[in-house]
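Next up, some structures in structure tokens.
Paired with subunit B in one complex and with subunit C in the other, subunit A is shared by the two complexes that follow.
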Partner chain A sequence: MFQEFVQQIVNGLVLGSTYALIALGLTMIYGILGIVNWAHSELYMLGAFVGVFLVVHLKLPFLLGLVLAMLVMALFGMAMDLLVFRPLRSAPEMNMIIGTLGISIFLVQAAVIVFSPNPVRFPTEFSDAYLSFMGISITLQRLMVFCVTLVLIALLNYIIKYTTVGKAMRACEQNRDAAKLMGIDINRISLITCAIGAALAAAAGTLVGPIFLVSPQMGLAAISKVFAVVILGGMGNVPGAIWAAFILGLAESLTAGFISSYYKDVVTFCILITVLIIKPAGLFGRSQIEKV
Partner chain B sequence: MLKIRDLSVHYGKIKAVRQIDMDIAQGEIVSLIGANGAGKSTTLRALSGLVKAAGGSVEFEGKDITGWNAKSIVEAGISHCPEGRQIFPRMTVMENLELGAYTRKDTKNLSVEYDRIFEYFPVLAQRRSQMGGTLSGGEQQMLAIGRALMSKPKLLLLDEPSLGLAPLLVEKIFEIIQNINREGMTVLLIEQNAWQALNIANRGYVMETGSVAVTGAASELLHNDHVRRAYLGE
Partner chain C sequence: MKQWMNLKTLVIIVAILFAVAFPQMGFKMYYVHIGVLSLLHILLALGLNLVAGYAGQLSLAQAAFFGIGAYVSALLMLNLKWSFWLAAPLGALAAGLVAVGIGLPTLRLKGPYFVISTMGFGEIVRLVFLNWESVTRGPNGLPGIPAPDPISLGFVTLTFESRVENYYLILTVLLVVLVLYYNLVHSRIGRALRAIRNDYIATQVMGIHVAFYRILAFGVGAALSGLTGALYAGYIRFISPDTFTIGESINILIMMVIGGMGTISGPIIGAIFITYLLETMRVFAEYRLVIYGLLMFLVILYMPHGIAGMLKKLSLRVRAGKKEA
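And now, the complex of A and B:
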């Protein structure tokens, strides 16, 4: 019973890490660019495939492959901003929604053609290594998902809080016109935001690809949960997204472990709906106290 | 210093500013007054690059800055303190001020500006690590002016700095605008409070439905019949 509990906690933390890494980019892109990016979880899917290519085919060490996959997808995120977001930014909202849905469909189908629709395995040097204590054994890969996620969150927190770019990002999120008046180049900040968001999604893909399987549909499978996380955390709210990701991740895996895995999605969306009824701005949403 | 010719700004079909001319000389305070919706803020937004002009030209210190983006205009030396304060609510007072200096390369010398701003507005020094959104309206206005000064501008654009403030505070803000001007800053001031605005200004412009209706020395405007009737409540 205790072992089962710890096992589900570990699973929940892995799941929460995945949700957090994907949701961070989604919520930042919403907050700073004002765009709801339906294609965001495809960056997670592509990141996983890039990881497979680097680690399985090129036989790079896993952590090096992870960093490179993040860099490759950061460039991809920047291209997405330049080619799709920027031209659509001044267009009506519906064009943007259709635009990002379009990218999602395009990327999934492109992945089916390029990588085949069948799931592929992503073995790494950590897949078969176990850490055992008190009769509980955890693969190093799972442990690493959580640890790397914590490192990335700490890094992101540092960037946002203390660097000039991070302050400029917050300025754009809080008041775009005022940010322009400070001389902040909004296009540059958008580009950086997309790069960071895509890199984090790629990190999620490369980290959990070895635990589950890598397939063109993995992004589609994750997107509704990730949206739940972003909404629960309060749209555009970075710390909110992190907390919400771990809350949902843990709730989901504990439900799957102790009730039934049929109910895990039910629990997720029950939490979401309950929170939205009680606190429409999200669990960590900002109430309207700001004086303007 | 600033030379505006034939400037027009449109929002879709709305012609908010129609072919206005305006000049500001080094060291002046120029007041821009007019009723709600006359196009005052829009004029300022065009000057600072927040909206694109539909026509006309703007020249600053001999350079044609028409169509420049907001960043280049700040770098050229124009700082815009917008209507409604527009401070960053979830950043501290210090972070707000720091962002005001975003375009500055000499980030080592910022303490000169901090000292000057805290001298004008001692309450900001006390509140330095408080979030902007938790300040009172008057404090937020002080922060907005301070933030605009951080870029070390040559020309300061102030959009209704006295809006919504208690009379005593309005007095103080006007005093500080005069102080800043005495230290060499050129100021373009938008105000609803026409009497006070003209009192501290060298010259004034009166805007009505997008055009300049009257212009002249501030003292003349204070005695102009039309201005007295329409804006000074006589």
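And now, the complex of A and C:
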């Protein structure tokens, strides 16, 4: 019972890390660019495929592959900003959602054609290494997912809080027009935001790809959870998204372990809908009054 | 203006005549089947259009309401031996009521909050169909749903066994729905909905109850999808959870967007266009979706009112050109 419990906690932390890494980019892109990016989890999926290519086919060490996959997807994120977000920036919110949903369908089906719809295995040098104590064994890969996530979150926190770019990002989030008047290059900031967001999603894909399988549908499976995380954390709220990711990850894996795996998705959405009814701005968001 | 109205009336009359004559034109039965599917998709796209196109709230739960209508009416017919003519309205009613129940808490939410709630709800409904095996028979689905009962008109008895008969049944329903839909959209309610879509704060200030109208649109749209579900069950005679997925909701969305949101002709054009392509291009299934995704992005970016909006602009330009000459 105790072992089972710890096992599920570990699973929950892995799941929470994935959600956190994807949700961070999504919530930043919403907060800073004002774009609801329905295609964000496709960056996670593509990141995993890039990781497979680098680590399995080119036989690079896993950590080097991880960094390179993040760089490749950062470039992809910039391209997405130029080709998709910039034209959509002034569109009504619903058109943004429909537009990026179209891009999501496009990317998934393109991945099906290029990589085949079948799931791909992603073995790494950490997959078969176990760490065990007190009868509990954890693969090194799972442990690494959690540790790398913490490092990346710390890094992001440093960038946002202590660098000039981070200051400019926070300024854009608070008031885009005022930031522009202060001489901040909005286009540059949005490029950087998209690059960071895409790199974090790619990190998630490459980290958990070895634990689950890599397939073109993995993004679709994640997107509704990730949106739930972003909403629970309060749209645009970075620390909120991190807490919400781990809460949902743990709730989901504990439900799967102790109640029924059929209902793990139902639990996520029940939490989401309950929170939305009681506290519509999310668990960690402040309710905003829209000014005209 | 009068000339424009005449042109419009002419197009409508030709379209109705074509729709009525279509099964008699000697096409293969397969094309009649595509015709029926097109009619069903038109009804679904019209249902979504009321919520998204007019009220400005994107719902990804339309396939779930479609499924609720289909399951409720099919179960009433199979287990309680009710007539289709009683079960179908109840299916629609059930879908509408569920939508109102979901809408009460969620329609106060805007943009992504509402989309994700409807997406979650759609997924929950599908899981219920799949896992509540004692009632829905789970993944096996419900076979042997009876066709709508024959109606006796005194001199002739109408049956609804064959494809052509079902085609006419659904076409009749569609025409009735279109008349009601047109009146709804051009009434006080339709104006309120468009006002909410364009600026909900201003609308609220004008004293219009935003939440009430949004829930109304959501409920009516869902009831329409539920009715379509009952018609679908009566036509295909077999339903399973596979039909009522998020993928189907997205199909409906693509039809509405490409045809033209916020218009009546848009969902009709989009549904016929996409259904035809869906059925005839099965060989290119993979490439088809790549193209649809890209098309959806480009259409929403460059022609947000879809094919219908483009046709309207074109005809206005032609007329303006005539006037100048």
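General remarks:
Convention: the second predicted complex is superposed on the first by the 283 of 292 C-alpha atoms of A that agree within 3 Å, B and C clash if a C-alpha of one lies under 4 Å from a C-alpha of the other, contacts with A are read in each partner's own complex, and residues count from 1 in each chain.
As a working rule, a residue touches a chain if its C-beta (ideal position, glycine included) is under 8 Å from a C-beta of that chain, and two chains touch if they have at least 3 such contacts.
The structure presented is a predicted model; accordingly, all values stated were derived computationally and were not measured.
Look at A:Thr164: by the touch rule set out above, it reaches subunit B but stays clear of subunit C.
Of the two partner chains placed by superposition, only subunit C is touched by A:Ser224; subunit B is not. Of the two partner chains placed around the shared chain by superposition, subunit C is the only one that A:Val266 touches, whereas subunit B remains out of contact. Touch criterion met: A:Ala178 reaches subunit B, while subunit C stays clear of it. Within the superposed three-chain model, A:Leu58 lies out of touch with both subunit B and subunit C [touch as defined at top]. Counting the residues of subunit A that each partner touches, subunit B and subunit C differ, and the larger count belongs to C. After overlaying the two complexes on the shared chain, residue contacts for A:Val114 are found with neither subunit B nor subunit C.
Common to the subunit B and subunit C interfaces on subunit A are residues 290, 292. Within the complex formed with subunit A, the subunit B residues making contact are 48-50, 69-71, 74-75, 79-80, 82, 84-91, 95, 98-100, 102-103, 133, 135-137, 140, 147-148, 151. Across the interface of their complex, subunit C is touched by residues 30, 36, 84, 87-88, 91-95, 97-110, 112-113, 224, 227-228, 231, 235, 262-263, 265-266, 268-269, 272-273, 276-277, 280, 290, 292 of subunit A.
Those residues of subunit A that touch subunit B in the complex are listed here as 164, 167-168, 170-171, 174-175, 177-185, 286, 289-292. Interface residues of subunit C, counted against subunit A in their complex, comprise 52, 56-58, 105-106, 108-113, 115-117, 119-121, 123-124, 127, 131, 201-202, 250, 253, 257, 286-287, 289-290, 292-298, 300-301, 304.
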